[in-house]
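You will see two complexes here that share chain A, one where it goes with chain B and one where it goes with chain C.
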Partner chain A sequence: MYAQAFFVAIFGLAAIGFGVWVFRTSSMVRSALALLFSQTAVGCMFLAMQTEFLGVLQIMMMATEMSIMAIFMVMFMMDPGGLGGMDMTHQKRFSIGAGVIAGGVAIAVALLADWGPVTPQAPDAAMQTRELGMELLGRSMLIFETAGITILTAMIAATAVAIPVQTLANGGDKEDSE
Partner chain B sequence: MTAVLIVALVTGAILFGIGVYGALSQTNLVMIMMGVELILAGALVNLVAFWRFLHPESYSGQMFVLVVMTVMAVEMAVGFGVAIARFRAKGSVEMEEAGDLKG
Partner chain C sequence: MNVVIVLLALLGSVWLLAVVEGWTTTGRLSLSAPLLSGLAHLGRESIVPRTPDRLFFEAAPILFLIVAVLGVTVLPLAPTLVIADLATGALFINAALAYVLVALIMAGWGPNGAYAMIGGWRFLGQLIAYAMLIVMPITAVAMRAESLVTTVIVASQESLWNIVYQPLGFVLFFIAAMALAFRAPFDLPIAEGELGGGVDAEYTGVRRAVLRLARLTLVVTLAAATVVFYLGGWHGPLLPPWAWSLIKTLAVAVSMLLVGRYLPRIREADLMRWCWTLGIPLALVNIIIVGLLVLVVS
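Entry: the complex of A and B
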């Protein structure tokens, strides 16, 4: 139990530390890597909380997602290496205030609420995976299918938005209309 | 055992706060998306902690985590689609230069 508390706290601190680093560094690539480490630490927290399947899923998904994000950073940023030391923030005071209030309220709820009795033992990993599969293909099948359709729709929509608009003019000559 | 739950919930709350700061303070679209990712990561930590320590017998909690992960993936896909379209049209994804998107 103490080991679990220790590892949850350590990975939680790592997730917070890397989360802060995301917005502290002027290099966008480092920001993407910091977010990758933060999300990986969150995945490790899941593992420490004996949620093995979701932990591994989180780490694998975020590794892919953040690698793509780093590539986009290099593509789109004027100064991806951060060598120019550009300030890319605005409304700093308001943002800090909003962040502190949002986090503070959530912490107050976490500390002050009566969460009731805590279950000491989690189901083992094999049982969890089996029961989650039964849940996905049973009671929650509609939600699961909806999530799949939503991802497919988002992929098609994102591709459609990203493709340059072309108009056929002058007997079939393609012309960009940016 | 309650201490572990509190540690996880506080971690989730702090990640949420950092994400709110990032989403509001950054001028670059991809950095704003990073803030949103941190907000959702905070929500994920809370959901897993609630499932593990309060209702491990009900797998709807894990299902909820999968739904939030789906939202993260969808947000990334649509966000990058919009970023590509914006970059192609204006040569930048800086939100300071996106005043023309106002109605």
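Entry: the complex of A and C
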């Protein structure tokens, strides 16, 4: 029990530490990978809390997602290497205020919410995986399928918006229309 | 004890693979060549390029080696000879090997070299091509075994190996595994002819030795995964289970090297197109066929 709490705390602190690093560096790639390792630490917290499937899934998903985010950050920022001393932050007063309020609310919820009785013994990992699968393909199927379709629609819409419109205004000469 | 045995088996397999690799490239069969080559790497100056991202540059080879070894921890050599028989073993190996991408991006970005950086980002594009072809065939394997536990997956193949039960899945997984291990014809991140070594280009000395070791370890890890998922794992007549696992793993690893020798390097756009327009539909067909078979058989 104490060992579990210790590791949850260690990985939690690591997640916060990497999260802070995201904004302390000027390099886009460092920033993206710091966010990746912050999320990996959250995955390790899941593992320490004996939710094996969620932990492994989180660790797997974040590696690819954050790497893809890194390449987008490199593509769209004017100083991806951070060699020009670019500042990662903006709207400082507003973001500090928003951060303090959001953090306070999160801590208040954590302390004041009624979390119910503590589970004395978590089911073993294989049973958890099975029960999660049953939940996803049973009662919660509609919610997850709806979420999946929504995300897919958003991806297609975002791609469609991002593709430059090719007008045929110049007598159909595509090269001139860009 | 299992840890020591599995790691020794891994090290031995990597050494044998390096011998075979040397044999196919130089034509000389020398058992001491990998050792001498490793010592030569250690003896060379380990140059740090100008204005690198030092943290990434140093961390990338080590991270690469760690994740390649982590992948092996869930792969059984025999029914009880496995380091961690996790309930999510088949997922865990994906999670571990996803960080090969992170290591290569770090190795590409870190040295502050154009070729290396292109190599690193190329591998990200390669991942978008092969990732689904790793995960979807494994899904079909887990469907038959009704479990993500790797020992249960091997046990489910006692009467019929998955290479026979789901040959389409095997072909897709084998190709995707080669792309993950960036062996020729999928060696886009290093591409000797066009990128002059790519992510390897700026690494010398001991760091290069670690990179090479990690890459061979990755090939062995993926070969072992192929054996566990498709070639019946430890099952086989006469010989002890661990021997069958090792023989099959080496055979798959060598076949990966051989296939690469006779095929030209693929273009990244072609890889992406074929994986998404042909590979993923075929992987879905494989899942449907296996699903029907599981329903009919059970």
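We adopt the following convention: the second predicted complex is superposed on the first by the 162 of 178 C-alpha atoms of A that agree within 3 Å, B and C clash if a C-alpha of one lies under 4 Å from a C-alpha of the other, contacts with A are read in each partner's own complex, and residues count from 1 in each chain.
Methods note: a contact is a pair of C-beta atoms (placed from the backbone, for glycine too) under 8 Å apart; a residue touches a chain by one contact, two chains touch by 3 or more.
Every value quoted in this text rests on a predicted model; they were computed, and no experiment measured them.
The superposition on chain A brings chain B alongside chain C with room for both.
Of the two partner chains, chain B is the only one touched by A:Ala5; chain C is not.
Looking at the shared chain after the overlay, A:Ile59 reaches chain C, while chain B stays out of its contact range.
The partner that reaches more residues of chain A, of the two candidates chain B and chain C, is B.
Shared-chain residue A:Phe46: touches chain B; no touch with chain C.
By the document's definition of touching, both partners, chain B and chain C, reach A:Ile68. Of the two partner chains, neither chain B nor chain C is touched by A:Leu152. By the touch criterion defined above, A:Met141 lies against neither chain B nor chain C after alignment on the C-alpha atoms of chain A.
Touch criterion met: A:Leu33 reaches chain C, while chain B stays clear of it. In the superposed model, A:Ala126 makes contact with chain C only, not with chain B.
For the three-chain overlay built from the shared chain A, the minimum Cα spacing from chain B to chain C equals 14 Å.
Overlap of the chain B and chain C contact sets on chain A: residues 53, 57, 68, 128.
Every residue of chain C that touches chain A in the complex is listed here, in rising order: 51, 53, 55-56, 86-88, 91-92, 94-95, 98-99, 101-102, 105-106, 109, 112, 121, 124, 127-128, 131, 147-149.
For chain B in complex with chain A, the touching residues are 1-22, 24-31, 33-35, 37-38, 41-42, 44-45, 48-49, 51-56, 59-60, 62-63, 65-67, 69-70, 72-74, 76-78, 80-85, 87-89, 92-94, 96.
Taken in their complex, chain A has these residues touching chain B: 1, 4-5, 8-9, 12-13, 15-16, 19-20, 22-23, 28, 31-32, 35, 38-39, 42, 45-46, 49-51, 53-54, 57-58, 61, 65, 68-69, 72-73, 75-78, 88-92, 94-96, 98-100, 102-104, 106-107, 109-111, 115-116, 118-123, 128, 131-132, 134-136, 139-140, 143-144, 147, 150-151, 154-155, 157-162, 164, 178. On chain A, the positions that touch chain C within their shared complex are 27, 29-30, 33, 36, 52-53, 56-57, 59-60, 63-64, 67-68, 70-71, 81, 83, 124-126, 128-129.
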